[in-house]
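To start, I am sharing the structure in question, which I have written as structure tokens.
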């Protein structure tokens, strides 16, 4: 089980590299007394229907190291299927070319994106500082803050806001747009995945910021 | 003369030896019967009998062999009978015969069977000679007939019993290959499930189709294209119509029927197989 | 001697059989009925009498023989009786036997341990003099812990109706003591162990946690995975002392629950003293005892 | 990702060894008792299951060979959903004691049916399967009856497909290192004879009948 998670993109100030931002954030974690508890990774891969299929769909397959045995499959219609890792294999059989023909789905080239970094714990908070890379190109920094004991975003938003503002600043004045619609419902791991996916999709659309800043 | 005597002596020794063996095994067998009757098994009894009959056989062979002079020509003459106890004899006979007296001699030195037995032998030999070869042949035939009849009866009984046993095993049959196949086919490919639904829903859709026909034809603009595919599909499927007619219809769930009314109504005349095929095509 | 015995036994058996046949004949004749023609009643009666006489004779024969018999002692083990039960597949005897076997082993083992541990430390708890006991008796004995289960049930069901956002389920996983499981809104779950109506212990956990051991039984001991709820557990346990009132147990439980209900705003309400949500990464875990206002642990002490 | 797939496929249990047979109604209970004695946990009561199995398939104009996914939904534990991909069972030669097939079992959330429909899958057919399961070490034995559903989607209105029950003995192993288990299965199936003949059954032949 998990608590409520808010994911924010960190605005990288002009003239700073991604690594510098991550370093300073990590230093900040030490200052507020959080303890390092290893690494984390959220990755996303996108597939597309075969053009001859009846329905044209994109499927995003995401994994979150917080739920290491789970595979999240998100359709562009918003349906999120939560399943165990073996769904990767099923997806694989669906993409697999059989006897010279294409499969029902194809992997979209150049869409592999992931957020990787350090994981910190502070009392019942879990804070993750991840640098996002699209096909090994640095794209930006994502901050994830989780408050584990609660499951209702509406209950603990104000409480989370205090700690979020101390890390990401004014960006955290309002809840993440995805959370806004879910304030009063029970939070699930799929909601985290949707937040990440929103950010990933946004990152894919932008030009690589690292090239401007480096 | 001396040579003959010597031969007789040898033959007698051999005879005594054989008889001794026979006696020993008899004694052993008897003692076994007396002491081990609880644990003794039938095969071991049979073994003992076999041993005895073997020894008797070899004794008979010895008597018939050429080396043994014809004993019938020898004469055994009791020279003296005495009512007194004879130690020597007692020892020789293992304390079975104490004296060589009038009582035992006729029994031991008898060369002819008992009169009763003799009479019986006579009778049977007389009876044997009465029958002429013809009668004997007849009786033989009758005998053969009877035995073959009995054999037949036994055989038929055996057959009956065997078939009974077979039937019993078929009664106790606990699994059937055809059921296995049917069950696997249904789990793997859904065979049988599809035809079932056809029974329950077959008549209804047709009626519905007829009543709905005008309405849907007006309402859908896409109908003509469906007709085309339908013709093509129907042509492709007609060969297998009989085969598929049963299995395909499962796609007619209420939901799909209503959503594909336009297609179904147009297919009114064509076979169910063709319908479902168009349905699939339309879905794709 | 033994042969004699056997002979007598077989004789007795054959006599018994005889007796049975004669008795059966009498009864079967009686049940089949007689064809009684006019004036022939006497003959039929004679037949019956004869049959009865045979029974009598057989019976007396048997009776004569019986005193000579030594009682044969057939020692049949109990397991032989199992065979008598014809539908053993339908009875759960097999699983029961294995179960019983397992338990006997377990009990045996534990008893071994217990005796090994107890033998060096002999505990003598009842070594009190008569004096203090007498004084105790004079005092009015508190009865809060000795309320019958029905009373507790009644009291709890009355309490449950007070809050719609705080369902209470009552169970008795180990005898008389009631265990209340409370779900407070969507904020937390609490487990309260009662003795009578006295609060014995309280454990608070997250809404996402449960009070079950891996075997699916009620878990009375484990603490929450989250630090904040362990703090709350400590606070609430301390507060139970405040609310405890031996003479009016139902009132004390009720006022405790009223106070406890204020924890539903654990995450959403800021501290009344400093106005902030977090203090050292913790929300206001303390509720003022009278006003039930939220406060941080740190703010409470100042 | 590809790395992960190869990793997952290497360690995930995807190789299924399978023997199948059936048992008639009259010997059904006898078989259950025998299995109870032969298998683990013989002192606990029978473990039962009731599942609704839905077969979804996808085709398109260039790929005519349909891809089938089987969704199983437990009717006892309502929130247990599973999707399974099963390859064609390979008979192998005569020396192979069991069939082998590629199987991917994957537990999912309850929206799998919606998900597959949105993905372009269509339900081909469905049925209800009720029965008992036993396990002995890694081996799993199921004795189950298949029920037709008289109304689609209604799992109450059922009609048994056959009086016989399907008996399956299976072991799922990693891709390599399952050779010994097939022999174990063979010897286990010998113990059930003559009650049930657990055999390799050629699915291709059944499909073409």
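Note that the chains are named A, B, C and D in the order they appear, and that numbering of residues resets to 1 at the start of each chain.
Rule of thumb we're sticking to: a contact is a pair of C-beta atoms (placed from the backbone, for glycine too) under 8 Å apart; a residue touches a chain by one contact, two chains touch by 3 or more.
Quick caveat, the model's predicted, so the values are computed rather than measured.
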Pair sharing more residue contacts (C-beta pairs) when C-D is set against A-C: A-C
Taking each chain's C-alpha mean as its centre, the one farthest from chain B: A
Chain whose averaged C-alpha position falls nearest the assembly-wide average: D
Approximate Å spacing (C-alpha centroids) for the pair chain A, chain B: 76
Between chain D and chain C, distance of the C-alpha-averaged centres to the nearest whole Å: 40
Intercentroid distance (Cα basis), chain C paired with chain B, Å: 61
Intercentroid distance (Cα basis), chain C paired with chain A, Å: 51
Junction residues of chain A - those touching two or more other chains: 52, 54
Chain C residues counted as touching two or more neighbouring chains: none
Residues within chain D bordering two or more other chains: 60-61
Residues of chain A that touch chain C when the two form their complex: 1-3, 33, 122-125, 147-152, 154-156, 158-159, 161-163, 186
Contact footprint of chain D on chain B as seen in their complex: 173-177, 179-194, 196-197, 200, 250, 253-255, 280, 283-284
Chain A - residues contacting chain D, complex: 43, 45, 49-50, 52-55, 57, 59, 61, 63, 73, 75, 77, 79-90, 92-94, 98, 101-104, 112, 190
Complex interface listing, chain C residues touching chain D: 89, 94-95, 98-99, 102
For the chain D and chain B complex, residues of the former touching the latter: 20-24, 26-27, 30-31, 53, 55, 59-61, 122-127, 129, 146, 148, 150, 152, 159, 161-167, 194-197, 199, 201, 203, 206-207, 209
